[in-house]
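Two complexes, one shared chain (subunit A), two partners (subunit B, subunit C).
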Partner chain A sequence: MAAPCSKIVSRPWWQFIKNVGWTGLNQTVVRQLSRNNACGAAAQTKSKTERIPSQWKLHGAVCLQRLPVISQERNPIEDQFAELIHQMELERSLVSEHELRLLEDAERVRRKQAEDYDSDEEAEYGDQETITALDQEDAWEQKLKKFQLAPRVSDLEDDHQSVGRCLGDSLVLLTEETLGQEKVWLLPQVPWQAGETLRQTAERALNSLPEADFKATFLGSAPCGVYRYKLPKAVRTESCQGAKVFFFKALLSGHPPPSQNGPFRWVKKSELPDYLKPAYLEKVNRFILDL
Partner chain B sequence: MNPIFRKLQASFILHSRALDQAALLLRASVSVQLIQGPLTFANERQYRTMPTHGIGRYKHSIPKEAPKKKKERLQMKPIKMATDTEYGTLNVKVSGYDMILVEHYSQYIHNLCNRLGVKVAESYALPTKTMEVMVMAEQGTKMYIDAILKTHERIVQLSQLNATLCPIFMEVLLKNQPEGVQLSVKQHTEADYLDRFKARPELAGLMAQKLLKGKALPS
Partner chain C sequence: MSLAVSRTLCKIFSRQTTTPSSFGIGGDCHVRGPWFASVLTLKTSAPLRAEPKKKKKVDPRREQLVRERLKKKLKKLEKVPPELIPIEDFVTPTKCMDETRVRSSPQLSFEESERRALLLKEWSRYKQTQHQAEMEAVGMAVEAQREALEQLRLESEELYQAALRPDPLLFPFNHQGPSYTPPKAQYEAPEGKYNNITKVYTQ
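Now for the complex of A and B:
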């Protein structure tokens, strides 16, 4: 699972390098480019450096993930296997110190209750402690009963806005934005400004989210994915054919504020098709790991 | 012609075997010891337990042995420095109270590195640290042992982690981290290497004395 991912990531990295190093293009070359997806062709067909500004707007987006807090539930097969292995290990194991103590105490009690009991014969009478192993076990059981375990499955499962849902899976943050006339769910993105690296753009995208301050650690300076889209013909102008969005991965660190209003959703990978458009989803699915 | 040669050879071998047998019997009759054992041919060396082992000139016909090397003193492997595209020697430390989880997780990391092509320089365990949790009784000043917690640590040392592979690697590691296990990734230093060895108090004492003497003499 991990091996194919490395290949997937290294490809967009090369694309990124070639895009950033790409200064000018002719119109005809751009039209050819829009047919084939490989940006490698663009770098090779780069003509003499005429300073035509690029027809593609660059955006930086952040894929903020909340890591799973607890381990996932086991399959029925895994359950059965775990029980079997546990049983086997129990049967093969040696007696522990505590169990030895229990046996000795039981033996001592049995000897005491025998009719010809002579306390002077007891070898370890001087060392006999007042607390027996059974008493200790009772004390431990009492403590265990007092301890409350937090529930694995909270009632926030269906609330897509809360961070505390689905503790066993990793969640991705989505925001809603208005592009043109329609509202679209996508990963938070912000247009690139000249003079900053794309990673800084992604950090800005995270910080500029309204009504929410998420503390995140970015994983590396290399983008993990790229999405390229062309604007509809009505809006297309001479200088702007479309946009390329570069995704950067970040992990949520620390506890987010409990109250999050605003157009956010925390979704699992399996719920992404409900929110994202198919073309976008296809690119995003490649770098979101579901391990 | 050939079958004739073979027959001649066979007959010759049979004759030589017969001669050897005869010679053996003769020797047996002369010497006191009984030579028991399989038939020996002229081109075979005697086994070590045979009485004639080691006698005569034979060292020229056995293969030469390389001279034995004295075991060298344990040296630290050189610590690799980070380059622009790769990290240097990194220590991935897995620690926790539950030994089974810690060991399984460190094995998982090792296997993942093998699969991804990251070179694992070393994989070792640090000594277990035992912590005794003592509880003071409400009446009285005596402390009772409440629990004994043992912290286990395992280290997987990576040597050439690609900078582009690192984010994916870290993400996979963090997503699969079990509960109760702490993960930390640091650069390897000489101090980390020396931590593995046991402290030698006598040697430390002698070195301190030597230092003192060295300081005393010039003054």
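Now for the complex of A and C:
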């Protein structure tokens, strides 16, 4: 395919050269030819690279996040600002029905307590035992106190294994694995098998975790991060120089059981340095958002 | 006209007849003449009293035409353009126009107004740093993804193309956002009826 193309294109060039002379055109002609060869051979080289197996092993890993369940605690400045805004809104608003009622009741009480009280004026109200707005407010407060809210801060704050800890922050799942001689904390990963996409590898990684059925939604089929590591020289071979781990983001959906047995840890972003190795942490920190 | 005709006929007959006849039809008739009575009966008989007879076919046609004209008039009246449905949010309810509801604005002291102004400025500074941090974090995440896709492309084109394909099952995506207190385990909500009082307008 390459050869005929180059002949067709180079014919007018040869004619031009014969007419003009060899001087500087020789190089350009040669370059033109070589470029044609390159274009034609590019397809061949591409197929060649496909045939050569890459020197990196592929792994798929999943970054499973549990999003926050409750709102975070306010900073001091946020507290102050919230108060100020509330005050300003109150000042700029109109008087509501409930407030009008309160004012009327206060007026009525004042009139009753005045010395020249004439009960005939109140005749239009009928029976005197109307429920005042203050009584209603008390009743509402009582009702609120009776209702038990779930506590914001639970006992499981320090238990790194439970999902119910630190409800105001997003947590990431870590598992422990043995690489070579040492135990390392990682995001759950699994080597890639031929015939499946990397996202399927990540899903397999999640499902293959022992004693855990997490229902997760994967956010798209594109990886969010990559970590390359070269194997130590002793283990390095021609075909396997190292490994590339591709991370996929997933969000935990549904309510998992509160505590799982097994080598899991649910960890905040600020606690990640305690578990992960520095080089790994550097790559992983980029796509784990703590917003 | 019939009266005048009968009168002339009477006169004619009275001149002609002088001899009293023995016909004797009616009390007055024997004085005037024999044809007088028939003329009188002509005047008072039923067919002359009634309206002239019309043909039966014309009646329903005329009534139909009248009805059609009325219907057309009604349709023209009904062709009023439909009333526009009022947008409730753009109409200020009359309760808000009430003067008694205006709150008396308090007089702020100098210190209070200063404090407010300074707090607002500090808040804007805080928000700006927060926004900056957010933008940086998002930028880093995007960069990490770009790098990952680049590395994947170097590895294999096929997997790269598979990664670029959109996921049809992702949307519609629902997630319950954070509330102030966590949900209670095994909480039974009280039963109640839901009365929907939104106004529905028909054109």
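A few notes on this one:
As a working rule, the second predicted complex is superposed on the first by the 217 of 291 C-alpha atoms of A that agree within 3 Å, B and C clash if a C-alpha of one lies under 4 Å from a C-alpha of the other, contacts with A are read in each partner's own complex, and residues count from 1 in each chain.
Everything below uses one rule, namely that contacts are C-beta pairs under 8 Å (C-beta built on N, C-alpha and C of every residue); 3 or more make two chains touch, one makes a residue touch a chain.
In this text the structure is predicted, and so the values were computed from the model without any measurement.
Judged by the touch definition given at the top, the superposed model places A:Ser162 against neither subunit B nor subunit C. The partner that reaches more residues of subunit A, of the two candidates subunit B and subunit C, is C.
By the touch criterion stated above, A:Arg228 is placed in contact with subunit C alone, subunit B being left untouched.
Shared-chain residue A:Arg152: touches subunit C; no touch with subunit B. Of the two partner chains placed around the shared chain by superposition, neither subunit B nor subunit C is touched by A:Gln241. Judged by the touch definition given at the top, the superposed model places A:Thr197 against subunit C, while subunit B stays out of reach. Touch criterion not met for A:Gln189: it reaches neither subunit B nor subunit C. Of the two partner chains placed by superposition, only subunit B is touched by A:Ser170; subunit C is not. Common to the subunit B-facing and subunit C-facing surfaces of subunit A are residues 67-68, 70-71, 219-220, 222, 224, 251, 289, 291. The touching residues of subunit A, when paired with subunit B in their complex, are 2-3, 5-6, 9-10, 13, 65, 67-68, 70-71, 170, 219-220, 222, 224, 249, 251, 289, 291.
Put simply, subunit B touches subunit A in their complex at residues 112, 115-116, 163-172, 174-176, 178-179. Looking at the complex, you find that subunit C touches subunit A at residues 96, 100-103, 105-106, 116, 119-120, 122-123, 126, 134, 137-138, 140-141, 143-145, 147-149, 151-152, 154-157, 159, 162-167, 170, 173, 175, 178-185.
Subunit A contributes residues 50, 54, 56, 58, 67-71, 75, 77, 80-81, 84, 88, 91-95, 100, 148-152, 154, 167-168, 197-199, 217-226, 228, 244, 246-247, 251, 253, 283, 286-287, 289-291 to its touches with subunit C in the complex.
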